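Have a look at the structure below before the remarks.
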């Protein structure tokens, strides 16, 4: 019989704190991915199934750039820019023709794109996972663990990227255009805002963000052609839980879900810990379907 | 008007009979590989047709069909493993119950959501089941799945006869034809008309006084049942069950069959499935396992340029 | 359709509008060629035949009123000119060019301002940001931008006060002013005004009248859709009467009195 006191005595407090840090780190990467997803959905009503593949291709590009130049930061910039361009091209070729049609068609098209991109990666890079070395080593002591600095840095970088994007949205002409287009697409056009190009640019930005998260995340896991699938799924869960189109909500939800999963990993295996995010989703759908972190609509 | 309808009926049913006859005769003349190919096309066609009931007629795009299909498969597997000698009808029963249960569960949560949210939620649910099956290794065999022996075809336990490729094909053909007739009947009934009305304008249908949520629920379950049936057939044909089939990509491919074949036609998705599998076969010769690159591009092009699919132009005609 | 001859506006309480010909606002269109010409538009919404071959003209710098009951297609006409609705037949010619196939944002940049029914300001953007949606264009110097802002704040001092407030927090009348000010940021040659006085207090209504007069003074053409007959008669040079998707009657505003039987006929007032 385990008494309550025993429970607290045996409570793995240090493990909990380590997992908190891990959860925040993963959460920030997930937040970056989810930001791109929710941005694209909020502004264009497009559910971007291919988002995970853009993440994956960003990671692969990072691998290539590092293999040739050895410079991680260059990889980050190049991957983001190239994938942003790819995103813009995809949007112009496949999504623009669909404007005015049933928005569900965009799900189908982006799903098709994700299949093509995934298999393209498999074809070009093969099934064996690649790895990027951490851009700098160095650990600090977190309890009994040697915790790599790098992990904190990527969390910080993700936050920086999201933060600068938020600033960009708030100030600056383009930010106004994006916000106006989100609120009232028709009147935005009537005000001379070139809405089709705003859409392309938003898709490009979202793609770039996905690619950046791919490069940031690559040193932590192996890069392979199917890494996108899991993340896009988690991304969707986070976006629904955070409130579709709600940037702040997605970020909060991303960290929330990641923390819960990290804690769950203490007791169950990681592949089972994923169930936590599913449960959160189900609960959200049952009780607050507009999003957990959204103020109740009046 | 009746004259035209009779005229249409004659053409339709004659055509139908001809096609069924051709499909029936096919295994007698085709080489072994194509025999199996045809059977498999029919099974995936059944899955696509089931999905069409939900997507094409009720207007709810679902990415959850892999869960229904997969649970039908595992349900059948359970029956075939647990009971000896393996009984075909028990397998079907188990499979249908399993998929119906899953459909009920998924429907309960996702029904109140509209459009895109429904699609995403069904997708996530199929992933939930994937993870559950994948990790619950003791029961489901986890990653490796389950293998079992094919049951014999028998009526009330009498005269058990082993399936050959040909008889398997006929059995599947019979099930698919019956399913089609049943689904067709349902979609043309008053119930089906309400579903189509929901697709056209949900708010108005509700305003008229229909309990839209209930209709949607039944639609999901119906769709889930036939998808589960397809899963049972697949299990019986292939003699194994694996979590790969519960992965949402299978749902995605189902939607591809629907779009390629023509949603809202019931037969269209079957054609779409066959078309996709044909494309896969053809491209596999040149691209080996990367066939999805050209096929994916074709799919994207079809969504953009021919969203009505191969049979979509005949949609009105097929639904008279 | 007769070419719009310049008319003297009816004597009114509003200052400004003089009897001389209004200065041509656009150097490209000659004084006799219309700025906006609508020819034979047919538009359907589902099975409803909304626009039934409507044709009208607005000359450069002219204020033209469009009167008619609810549902005859006045708003749809404006939306079609703005490119928000595509007609199945007929054409719109602006500044000598057909607008067929031109996206709305291009038309806005070419000088068509649109102030819709129910205003539709960007609620979550501040007043300043709302104005900037029209102000932030290529080819406008910083000095010019300040000039435009100054002008608009002079017309609408209340907007200057509330410049950092979210659009959604403004009152109905203030939102209407913002909607008009926003359109003015485009330095338009013509402003399409859809029922600007709807739901406004009488004091605001006369303010709208003053603004229209001031815009007319600057040479901006206005196509005014309204239910408020006295305001329309006072502000416009010409009036069109619309019924069932087409123009049924045209008249100089000065020739009409507020209780004219024609008005009863087409407006049922």
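Per-chain residue numbering starts at 1, and chain names A, B and C are given in the order in which the chains are listed.
Just so we're on the same page, contacts are C-beta pairs under 8 Å (C-beta built on N, C-alpha and C of every residue); 3 or more make two chains touch, one makes a residue touch a chain.
Everything numeric here is computed off the predicted structure, so don't read it as measured data.
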item	value
Most widely separated chain from chain B, with each centre as the mean of CA atoms	C
Identity of the most central chain, Cα criterion	A
Whole-Å gap separating chain A and chain B, where each centre is the average of the chain's CA atoms	33
CA centroid of chain B to CA centroid of chain C, Å	56
Mean-CA-position distance for chain C and chain A (Å)	45
Partner chain B, residues of chain A touching it in the complex	45, 47, 94, 97-98, 101, 103-105, 107-109, 111-113, 115-116, 118-120, 122-123, 229, 233, 236-237, 240, 244, 269, 271-272, 274-275, 278, 281-282, 285-286, 289
Residue ranges of chain A in contact with chain C within the complex	173, 176-177, 179-180, 183-184, 186-196
Chain A contact footprint on chain B (complex, rising order)	61, 109-110, 112-113, 115-117, 119-121, 123-124, 127-128, 131-132, 134-135, 248-249, 252, 255-256, 259, 287, 289-290, 292-293, 296-297, 299-300, 303-304, 307
Touch list for chain C against partner chain A, complex	82-84, 103-105, 108-109, 114, 116, 120-125, 129, 132-134, 136-137, 182, 186
